[in-house]
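What follows is chain A paired twice: with chain B in the first complex and chain C in the second.
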Partner chain A sequence: MNYQAPVKTTLLEVRDLRTQFQTASGTVKAVDGVSFTIERGERLAVVGESGSGKSAMAMSILRLLTHPGRVVGGEILLDGRDISRLSEGQLNTVRGRLVGTVFQDPMSSLDPVMRISRQMIEPIMRNLRLNRDQARAEAIKWLDKVGIPEPERRIEAYPFEMSGGMRQRVMIAMALASRPQLVIADEPTTALDVTIQAQIVEVLKTLTAEAGSAMMFITHDLGLVARFAHKVAVMYAGRIVEFGRVEDIFANPAHPYTQSLLGTIPSTTMLKSERLPQISGLPPDMRHEITGCAFKDRCAAAHDRCLAEAPRLTDRGHEHTAACWTPHGLEQALATGQQHATRLNKPFEPDGSVVVELNALRKQFATSRKMVVRAVNGVNLRVHKGETLGIVGESGCGKSTVARMLLGLERPTSGDIFIAGLAQMVFQDPAASFNPKMTIGDIVAEPLVVKSRGSKAERLDTVKRLISQVGLDPAFVERYPHQLSGGQRQRVAVARALALNPSVVVADEPTSALDVSVRAQIINLLVDLKEELGISFVFISHDLLTVRYISDRIAVMYLGEVVEYGAAEEVFADPRHPYTRALIDAVPVPDPVVESRRAATPLQGELPSPLNLPKGCAFASRCPMATDRCRAEKPALPDHDLSRQVACHYAH
Partner chain B sequence: MTDITLTTTSAPKTGPFAILLAASRHPLLSHAKVRLALLILIPILVLTILAPVLPIQKPLETNLRAMMQFPSIEHVFGTDKMGRDIFSRTLAGVQISLLVGFSVASIALTFGMVLGTLAGFYGGWLDRAIMTVVDIFLAFPSLLLAIGLVSVMGTGIVPVIFAISLADVPRFIRLQRSQVLSLRSRAFIDAARTVDASQYWLMTRHIVPNTIAPMLVAASIAAANAILVEASLSFLGLGIMPPQPSLGNIVRDGQTYLEQAWWISTLPGVVILLIAIGLHFLSDGVRELLDPRSH
Partner chain C sequence: MAEYTAKKLVQMLITVLGVITLVFFTLRLIPGDAASAMAGDTLSGEALQALREQMGLDEPLVNQYLGFLRDLVTVDLGETITTRIPIAELLLRALPITLSIALATIVLSILISIPLGTLAAFMAHKGRNWLDNGLTGAAMIIDLMPSFWMALVLLLIFSLGLGWFPASGQLNWSDPWALVLRLALPVIVLSLSQVATLARITRTAVLEVLNEDYVRTARSMGWSELRVLFRHALKNAALPIATVVGLSFGNLLGGTVIVEFIFTIPGVGNLLISGINSRDYQLVQTLIVFYALLFVVINFATDLIYKTLDPRVQF
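On to the complex of A and B.
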């Protein structure tokens, strides 16, 4: 991260930007006085949780806000020209030509009924004043640069013929082809897998550097920030609370919010006996006037002045500013709080009893064209009592199908499942996992009602006990799901899963729909419950750092098979399968020093189609060390009594 | 539907006035479109119910000394060529209209929900069988289908209701099935399945309650449409046969005299329009209230 711009000239200067959303229930001050600058060629990351105003801020710059949103004040100087006063027509020459955009969802930002060629060539013709043939050549050149194989042929494809990662590459090619001075990327990799994310980030990074474009990168992933940014702006409740160079922000965060955010992410070396620091409470309701500091209710260092007066950004040296009354944020409070933050040091001791056993489990789906998708292709796994098994892998690797078979939601094609007791589930999306017409009380009681356990009064007692057990007020039984926040809903989901005293709880991406500050709360809850109740967990996630932190053992899946299995720390410290190594390499670590030392060669290619699995090793098509033997002969996972198993011919 | 049950129970209230007052604070009534709809529909409904006891001429009674009279205090909508009171006939016609609208909506709702739920939930051959029949019916324009059926079955209110329902039921099955299909894959269904909830439990506790609101909206539009179709059939001489009045055949009767006595056709026509507008506003308002994004 040795960033030295030759000549520092300001490209974008935003002064006191204010954006409001007029809704029926009040005015939401989404962006409430934001000022910052971006130098030429500089990469600025804007971080914050949902509702912090980071996307509204970015969209305000190009006036691309959705309906009730409106920029109500401030100046936006692009190259010295105030673009906030331009007419819609004049602004159109800025969008696309001077400022390129890459959005989160490449599915909805490409027109599904137009070929890529039509969507790319015309803007290039207009912006660079080229004729059709030149523009086409230019488009193909950019598709090639972003890593689309066979660009001459793929340019005639429709968006649905491409994978999510490929579509995002097309978006980047479109944004960069007009050689914009600034690229605004709004969560461009959130919908993608880690390995694809690593590729996309690398493409964005090299190509903007090559073209000398500056970039504004909106994300909630602090690991990506460390990998990517020169400067960081941390947003909270519509304002920038901390701004500075990436090294300074990560090494010496000054604002309590930044400090807490950095703390909530499990590090690669964190011990399980340490409790994840969590940010309690919820962000403020932006419809109401906020007096004092917006973060005061969640801040351990808050004092009288914070309640009365909102702090402004003040200088902390080296272009580093923070909006906090205390000179070092939480430092004092952290130092005293840390001692209580370790848990009862109760390492997992297997007593031998197996709670879950999967033997040669297979699941095949028949497609409409009589082809067979081998979603799960011979999985053997065991979960002992009180153990947490983490399953990781890219989407499409079969991890969720394994979970669904465990719960009896899918019937295995062959193989068998043994469960001592009952398996219950915590689902990914806390919004979809409850019937919106039922109260929380009825939702948690449902398993008891279905199984006719106890009388109505006894059930209510059980429900209230469960709800307090997951850290909610028993008065919540009266409420409806839409009245709860995402984190609260996920707690209810855990309470429901516990209602029938299960022996194993399967959690499928239980934190991926939650904000960073809430994730740690749910992870701590799951770990606490495991220690209190001795339940086994199967924790499925693509978030490797969380999986490492929460799991005792890890199974890495690729194309329906387990390719590596072992104790969580061992697998992380010494990954033996090339795929595991690639996965771990792809995970962005929230530490710019580590990130800058990382080799910039992410795992190439994408998950092959599970329709026609290769004869040899499934990973051979992407493996850097694959040989003819790999392509011909399938490496088998050794006997599952071993504590460490790797399915690779060349694993040491 | 729980979102719109009475929530105003701040003080103990007794007596009809207090209840009315409490009801007027109901969120349903705070919605402008719903208010407008009720402002149109309630007077029509009250007048129709009170028609037998109102001091007006009976709908079939003729008075040859007062033919083709301009609207007056005595004959609010005027009289026709046989001296019948148009207002009284209109109210009798509205009665038929409301009966048709309500019956068709109920029939479509009942059959649509039952068959649509079964088709969507079970899928397979049951779904294919139901949907094949539905698709065949949907191939005909609904008015044409109704005309065809009435000409086969004969005229009168029962064939009219049957004919219109037969055109609406397939639409309701389609709608219900599509709702069930999207609900069936939601995570809360999976959650219930992990505790071995029965299929009956899944349908009655999780699926059907979540489909009711949009179905009620569709039903109120279907009722408005049924009223218009009945009026059209009667206008064409295929629905309710004279001398029994229906809004459609009153308009038809007056059509010949449009130049001498415009009120015979026009005023009942305006009533049809008002009922249709009222029902549309009602369904629109209810839909907006039930849409979680509107909160």
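On to the complex of A and C.
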């Protein structure tokens, strides 16, 4: 990525920005003295976990924060003009015109009771001084550019008539149509599937480059950063802790937080025997005054000075700055090897006993119009004892329906499910799956109570053992869910799933609601439990790198069918189904060098409606190599016992 | 939209038929029958039998029911028992008065409560809560006072005490100002509780919408606060508000009966009361069906408004 800005002129300069939230329990310094610049046409990625202040910072620039958030200090120079001093009325000539915005959740970011045309045309009329017909033509042109089919017709649609990916394209068209100098994109792809994410990122990248707009891209996904950014700002506890060009940040990270963050992501080549490096502990409570470095409690290289004095950003060469007292951050600590612990255990060896078997499993839902959705359309899968099966695929592929049937939450339309022993579940959002009025002890004990296992005292012992097994203090039994962090809650969810000694635990997106730094802790926990207890796991996720790392075998699902199955490393190293290949290609890899070499041809189109399944191969409508044979004749998955199965006529 | 309207229309007709049936059979469940209840102890056996025949009570129940339906469909509502005035005529005379009160109440309470609730929500959203708190407090006080009591208090103070509004007397349609003065107090009494409900609903609905992502999107496009408030926030908040306006109309119909009685206004409410007092089954039965019809029509209108406000509404 040899980026050279045509003429180096500063577009945005933020100086000592401070944003605070006045809450009942204290003042949260969400943004605590942030300074940076964006050159014209440059793409800056702002990285950090939730609570790091990255979104608050981005929203502060256009003063889009709502009460109790308030910008309390600093300067925001856009083209040399301090927009932080402008009145609301004056700022409204900047919003949407000089600075466009794309938000995280496309499902809720468009007005549900207004047609797209109304939401798009009026800003264009105002900003580009066009009449209604001209503005309409302009809007249609942009809808076409962002890849919306039949834009003349779709412009009259309501948001609810479009998919999430399509709505996000509309948001991008709205943001770009007024030719802004800067686009602020706040996690624009987080709510989308990996294939759609790749398409959206490509659209944003191409169109802003074409228009010469600069972009500020807020994300927690380091893979996206590598694919997308020229520069990176890493935020932690309301401050920028490291800033620099993307190559430098990834090749020579200087701050321990950046170094740890890069380490926590499983790579495409990482060995399963390697333990995933994790950042211990939690981010600081921002309601309290932080003395010294905010990262000190989680840093292996912390010393006396870090406790007393907060480090400032210092020059590390090549526009690279980092805020750390130790010259190379964790480098020394990493070298001593305490971070890269290798697992002692043997890799998985099947002893032949089957724990879960699905035979010709089908699930159909009748919709209101007497049509049938084939959510799961003939799935055969086996999980052996102590094995982890990863199921991947886009939303709507049927992976969650398989999980629900495994747990008996849904009755199969036809086919058999065999489970040796008991299946238990870990959900995506632990906050939503717990009763807020129950203590952690009650939550974990609930399955035992339901099955009337043991006396009250025995149950308490079991609960305490389970809670310490998942790495929490047994004193947690007295606490309530809201007193725990997301990672801690997910540990409790795992403890509850283990309460009845299940033979298989089904985990549906167990890490996707968690921050990157906590995600690795949960993944390590699951792997440890598998090895300690010999439990089998069914791990459902859209995070392909995690699935590869945690799973022994992978099943790739498309439109209710398994299209490829095999050992995790093999499937990743040599995907044979075109869909698997497309999925893997869509995953951004946290390495700017790899990303810059990759051809940007994301998988086209979206998952077709499961209402009218095609006669031939379900993937034929999106497959780059589909032939007439594919459209006419359905490729079958070969016999069950093969270690590698591919449902494609042309698989090598 | 046509399909939706047709579907709602069919639903409405079914509801109306259900109400008519329910009213008819409920009245037949009363011990004895309409004639004996009406006559009390005043009539002998033969005279009572004659009354029964006159009221058609000697016919089989099914025939009575069908006859009742036929009369309703052909708007042959019969006469009052005692005064022998056609019910249709009475209703036609009373209806404009009651509808004026109801309509004035709805318009007045919407005009007050929606701006008030919106302003309270807007200020609360900005962290200034005094209006919001005041509104909640005032609404609670209003809710605690029964409307008949409030009507009496206002009557005592403003009519009998200060003499600002006439407390009784004929309604004169040719003198609009006199009419306004005559109907002002009843409308104010009814509006108070409507405002209390509607302002709170508006406040909650608008405050919720102001926190929605699409409101932030609109602000990020550079639209002014007012435009965001009217174009986006109020338009979306209109959905729950319309629902509540439609439902509160039922309470309002009940309320008119009370205020018409207290302020001696010859509306449908007073007609109903006089029917009950004179045990005029035919009149009471007709008026109840009429009230139900009115309520169902209002609900139908609400459904149509709802559909135009929110394209997502299916059925």
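By our rule, the second predicted complex is superposed on the first by the 648 of 652 C-alpha atoms of A that agree within 3 Å, B and C clash if a C-alpha of one lies under 4 Å from a C-alpha of the other, contacts with A are read in each partner's own complex, and residues count from 1 in each chain.
Note that in this section a residue touches a chain if its C-beta (ideal position, glycine included) is under 8 Å from a C-beta of that chain, and two chains touch if they have at least 3 such contacts.
Worth saying up front: this structure is predicted, and the values here are computed from it rather than measured.
Of the two partner chains, chain B is the only one touched by A:Phe427; chain C is not.
In the superposed model, A:Pro112 makes contact with chain C only, not with chain B. When the two complexes are overlaid on their common chain A, residue A:Val72 makes contact with neither chain B nor chain C. By the touch criterion defined above, A:Phe103 lies against chain C but remains apart from chain B after alignment on the C-alpha atoms of chain A. Residue contacts after overlaying the shared chain place A:Lys451 against chain B, while chain C stays out of touching range. Once chain A of one complex is fitted onto chain A of the other, the partner contacts of A:Pro436 are limited to chain B, with no touch recorded for chain C. Once the two complexes are overlaid on the shared chain, A:Met174 sits against chain C while remaining clear of chain B. Judged by the touch definition given at the top, the superposed model places A:Leu409 against chain B, while chain C stays out of reach.
Residues of chain A that lie in the contact sets of both chain B and chain C are absent, per the superposition on chain A.
The part of chain B that touches chain A in the complex is made up of residues 1-3, 186-188, 190-198, 201, 205-206, 209-210, 292, 294-295.
Contacts from chain C toward chain A in the complex involve residues 125-127, 210-214, 216-225, 232, 235-236, 239, 309-312.
If you check the complex, the residues on chain A that touch chain B are 24-25, 404, 407-409, 423-425, 427-429, 432-438, 446-447, 450-451, 480, 482, 496, 500. Chain A contributes residues 62, 64, 66-68, 88-89, 91-97, 100-101, 103, 105, 108-114, 123, 126-127, 158, 160, 171, 174 to its touches with chain C in the complex.
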